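Shared chain: subunit A. Partners: subunit B in the first complex, subunit C in the second.
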Partner chain A sequence: MIVVEEVRNELFAGLRHAVGEAALRRESGREVSITVPVDRLADACAFVKGNLAAPLATMVGLDDREQAGVFRLVYVFSVDGKWVSVETEIDPARPRFPSATPRVPAAHWYEREVQDMLGLIPDGHPDPRRLVLHDDWPEGVYPLRKDFDPTVPVPRVDGPRHRFHHLHGEGIVEIPVGPIHAGVIEPGHFRFAAVGEVVLHLETRLFYTHRGIEKLAEGKRFDRVLQIAERVCGACSLSHAVAYCQAVEAIAGVVVPPRAAALRSFFLELERLYNHVGDLGNICAGVGFAVGTSQGGRLKEEIQRLNERLTGHRFLRGVCRVGGVRRDLDAVHLRDAAQTLQKVEAEFRRFVDLLLATDSLMDRMIGTGAVPFEAARDLGAVGVAARASGLDRDARRDHPYAGYDQLHINVPVRTEGDVRARAQVRMDESFASFALASEVLRSLPSGPLFTEVGDLPPYRIGIGVTESPRGENVHWVRTGPAGSIDRYRIRSASYCNWPIVALAVPGNMVPDFPLINKSFELCYSCLDR
Partner chain B sequence: MLNIIRTSLRTGRVTVPYPEQSETGACRGRPHIDPDRCDGSSTCAEVCPSGAIAVTRTASGARRWQLDLARCVFCGLCEEACPLGAIRMSADFELATRSRDDLIVGVTHVPRDTSDAREENPPAVAVGSATSAGREDLAASGNYLGSRIRSLLKRSLHIRHMAAGSDNSCDWEIAHLLNPVYDVQRFGIDFVASPRHADLLLVTGAVTRHLEPALRATYAAMPFPRLVVAVGDEACGGGVLQGSYAVAGSVDRCLPVDVYIPGDPPRPQAIIQGLLIALDRLEPKMKRVELRVDA
Partner chain C sequence: MNLTLLLANLVLALAVAPLLNGVIKKSKAGWQNRCGPGVLQPWFDIWKYLGRESVVSEHASWLFRLAPYVYFGAHLAAAGMVPMVLVGSPLAGMGDVIVLVGLLALARFALALAALDTASNFGGMGTSRELAFASLVEPALFLALFSLAIPVGSTALGALVGDGGVTVARLLALGVFFIVAVAETGRIPVDNPDTHLELTMAHEGMLLEYSGRPLGLLLWGTHIKQLVILSLLAALFFPWGIASDPSAASLAVGMLTYLAKLGLLGLALALVETTNVKMRIFRVPDLLGAASLLGLLAITSIYVVGG
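For the complex of A and B:
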């Protein structure tokens, strides 16, 4: 473990060497921020990523033309529990920047998104096609620029069609699927190039459920934005709500009371449990193992009913507020929670034993959809997908939040990277979650449920992180005047992991795609926003 | 194999007999307004994240308080904010209606000096509130469904689900209809892959710009007779997404909607109720509420 001060000194000395004297440094709390000239941006990012082995946590583009006459890019890296931001300013007269993607591959989608949403062009990006906006969106209209008026309808144009990568050769068949799928799932387009049954290449076209949430938050009061943050996603509602609240609390300098922090952890573990248990059932659906699907669905239902009894909501909405929580647990709730979790854990254990003892299921999972460690690391995989490929990262331990600094976090890691490894990580994590949830219930501190949040200082930045059931969510918030939100960047776990799915599929059979996809169990709505 | 049989035997039957029985539990359902406590002030409207509550002034000087359940996200902030305790969150979740209009709850505060027509107006009475009174009707409609489907559609009901830009909570609840607890197949209802095989289009989400063409194409591909059901606050009224550049706002701005199922998301039983209403054409529980108070 490197001491923070050493990190900073080493970082700064190295950066001076890498980008010259022009680097400016600013520190506050858990954040270090370095401003570099735009032509040295890629050098600085490559230095932080390479020398500190720091994963890219998020990247934000800002339109600061009104205040400072510039566009701004902020690449945020996670270094030893702290955030290191590499910032640069871009002249609106020349809205281009050198792409960091060739040296920091995890930046690939962020830079394409900045190009779509702010009109900043990443020079040298290996794949500069549109990402978020689709074909009928007009050229030159950038929704995240401050002078974009969301009340004026944007016309649909007959724009150039998205260029998919085509594979040519004898026997190669292209299979387009979606955006509407056969089952009850979210929309996205997949294009397979296959020879016989074997997939050679998979390309995804996503962002069909893009709802303009980041723009929607701009100018709204911080407490109202929480209602939007909660609705970025259904299955990760609480993770998003808590991440947003933490970002705002960091800006306000508010400390969440111990009882509220512990309750946040408890409900977050319930969220992880209902997702993981249900996802294991869904993996069974991917191979047509009906008994497993039913058992997973039934146990998930038990936990979601518990959610409703404890909080009034099956997806735990309305639990969190800025400064603490809105829901308390009384003695009846505590008894109910302890009994239900004990019962479900026993049944979940039998369910897991059944899965592991079913050879036909294991046979489909072992070796299927393997993601090598290097791919997971370089593309910045998070969550279950990262931990199943040997990447030991978990925000609950690496960036302790809520009540997790008081708890014993057991992070299961496997190295095979296949469907079975991802299923096994979910199983191990679920048992760890049952243990964590009971640990919180046994040691629930007393005290107030929230700290009042007063006025927020304008133009300050806060970063909130949670480990959702799908992995790390990073919420980057900058305040505006009078308690409003000026810029809100939501980077969900699915944002990091979708590109990994496209890597996991080639070499497998087409019919294994649903299984591989379900083993990642990513959200479209979290991604598309 | 023995393991599998043993697991199934040990589990037994887990299906909830809805609509014959219904447990509301502690769910956060419809907000109820107490017209006698409400003074028509706009505290609740200011905190409402989806603009479901509006306070307006009529030409005659009366104040009108209105709740639009199609837009409501059931967060309960209005209950917390009201200084007079006039709003109470209830566990009523069976809110599906055939008309958008039936999801409106209005309270008009008429100043005494202008209430010349007072004699002609009935005292403030809540009408059509969702109570357990309609339980037998609903149970009967469930039993009656098989024959009804046969007579109406000549085959069992096939649903094409379409996520038109939802936050996936509604879609998860729809997926839960197929688990052994809700088991919607017991009604002869099932989900199909192609819109060409579907009798009913079950739409979630506020209809994003990127999905609107797909939604229209899906509807166009369906055979007659066809039904459209909007599931959730975003599909019914846009929820917190109203005003975004990337959404149309609600399903009925794109397609004719036969049944609205409010909720954020609606519980699985609420979706079953909406499907039964769509099929049997019995009266839903919700009716438009108009209350009048002499202030």
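For the complex of A and C:
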């Protein structure tokens, strides 16, 4: 706690200097919140990010016109395992705010999203085009404002076309790909500017299947919202569920019993394993190495079948509940899990040896799609992509949750930032996950599976974070009256890493794009909330 | 007699070509721990496409409609020329190996024009890659063929069918032919026939705009091309069992050995595809350049080592 105290004192002294006495503060437990006037917002964010070397964890826009007559923006930074929120209030009569993006580049997408969804305009944003909404959405309709009725269909309009950046010059060809692809994958539009086979610039247009999940959650009871949280995406369903549960538990002041915490960690590691193993196979698909693809798919299947035997669900849905877990492991399960994991680990080791020993595969991976450390840091890369570029961050260690404070977490970091580095981080993490999973199984505490959650206090904020297979997921929740959810902001790992993909591609060849893309293995669904 | 032989030859090519692809796919699947589709699947696919309507881009010209027939026809004609079961193939009198390579080039030319015709990006990318590869494959192929033609003093296909003897030139030419076979059949490490990733496609990229019956013809034509190349490889380097006269007994032996040789060559292609990763596109010229060099060495060896 002494560290936190120092951080706070330093923070406030610095902020007073940077922003003036106007900064208000509010502290509670692991969170510090500072309210600044809107014209000092960018200064305050730049101060927190710069002086405390704190990455931006999430940013939330709220429509508080009913209660307080204002819009609210909350920039949440991660400082030393704690959350520091910089808040500001925006007058609805003048819905503008100074963009923090020029000084905190990681804020770029959040501010564009707030502009689309709440109609708050970031002044001075270097790229103020639409992000979430597409050309056929009418101007002036903001889905996350409280007075937007999601049950009434919005008419499609023939709006102005999205302005892509064009490169001009002799021999420059523009290659538009998608949003509909030849394979069965989710929609995304990629526009390459290339000279011959070399890519000069890549622009992405995503968010094609926005589902309005955050809007859907508003006004629903907190336990119903869990079912929605689990369905944000298939591949890291449990990570989303646990992050949401942690946010609500923080508001309710509920502590998860030790057995439930350990089981959460165990299932989260199973989720990481089936993803990492399958993703390594998918990387092979990017270069036509079918043996690797099918072996990766086979091992992933083994783990998913284990998931089904242990929990009744291949994607681990329904495992988590607010206050604990729903599923227990009996002696038969424990033996099955230990045996299966041991067998899969041995086969996975052979699979990894095969990949590393295939020279033609390594030739394609080494040096391809390199992301420099500075780019990863400034744009706020998370997960495997961050750790492959020398950015040492892992929410399991930095913001311990579930049973991770009791476990030995080994965070592999590489510095090359290329496709092979991302593949090897996945390999090393998988071995670490096998070890973590068996560590949990050996030392599973006994006790109840959940703590009963009573009534939630209204208008309180909770933040939950998990390290999903793709990186940290941050769920920001504010309660409403009578145990309902008033605002739910889901910031997935893919949200942070998609802009990095566009940076990794230029300088590489056009046919290397699938390989680079698969080495990030990002989720479209996590964006289309 | 000759007409009967020609018909029999064409029917054989039309029937066996998809089957050969099925065998390659099945063996690849086996090596990859999969069941894979049955060996008759390429047949079912072609049958399905031939019965379907074709959607043609409104920007496409007559070239786009004509190309599949040229592509299919050129490969079928090549199949009539190449010695399969019998040394004297029915169309052998119509031309020599140079005509054969020319027919393959004609098919490629037609498809390239059609792929450019719709101005689709993938068509353009696929064409530029396919033609870049072809410009390196064809010289290598010619060098290898000449290294076989110089000792016998003829470029006629029947004359080139070897006696199974091993010379330095033949060994080197075999190396060239194998690389050419991998490249011309669009297989890993040069191209990937099984990919759905548009950005990596060469040959497949040229077919993306096609659907229905023209697509069926193009697939069938591609299978026949594969058959032509493997048949040529078999006849020139592994001539054992090939019928030298059209008597029933020698035809039967020729047929059996021909199918066995095709199967083995198919397995070899599948093995290369299973154990390799598609190479960086800029390294393909290295591989094909090596093939040309081998071809040059083969010709040189004739004069240095002696036929």
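Basically, the second predicted complex is superposed on the first by the 527 of 529 C-alpha atoms of A that agree within 3 Å, B and C clash if a C-alpha of one lies under 4 Å from a C-alpha of the other, contacts with A are read in each partner's own complex, and residues count from 1 in each chain.
One rule holds for everything that comes next: a contact is a pair of C-beta atoms (placed from the backbone, for glycine too) under 8 Å apart; a residue touches a chain by one contact, two chains touch by 3 or more.
Bear in mind the structure is a predicted one, so any value in this text is a computation, not a measurement.
When the two structures are aligned on the shared chain, A:211 is found in touch with subunit B, with no touch to subunit C.
In the superposition on chain A, the chain among subunit B and subunit C reaching more residues of subunit A is B.
In the superposition on chain A, contact of A:514 is made with subunit C only, not with subunit B.
Of the two partner chains placed around the shared chain by superposition, subunit B and subunit C are both touched by A:298.
Of the two partner chains placed around the shared chain by superposition, neither subunit B nor subunit C is touched by A:93. When the two complexes are overlaid on their common chain A, residue A:331 makes contact with neither subunit B nor subunit C. Touch criterion met: A:143 reaches subunit B, while subunit C stays clear of it.
182-183, 291, 294-295, 298, 358 are the residues of subunit A that lie in the contact sets of both subunit B and subunit C, per the superposition on chain A. Note for the complex: subunit A touches subunit C at residues 173, 175-177, 181-183, 197, 284, 286-291, 293-295, 298, 358, 360-361, 363-364, 509-514.
The part of subunit B that touches subunit A in the complex is made up of residues 3-4, 7-8, 10-11, 14, 25-28, 49-50, 73, 75-77, 89, 161-176, 178-181, 191, 193, 205-206, 208-211, 214, 218, 239-241, 243-247, 264-265, 267. Across the complex, subunit A meets subunit B through its residues 134, 137, 143, 148, 150-151, 153-154, 156, 179-180, 182-187, 207-213, 215-216, 224, 227-228, 231-235, 237, 291, 294-295, 297-298, 300-301, 305, 308-310, 312-315, 317-318, 350-351, 354, 357-358, 523-525. Looking at the complex, you find that subunit C touches subunit A at residues 28, 31-34, 121, 124-125, 188-189, 192, 194-200, 208, 273-283.
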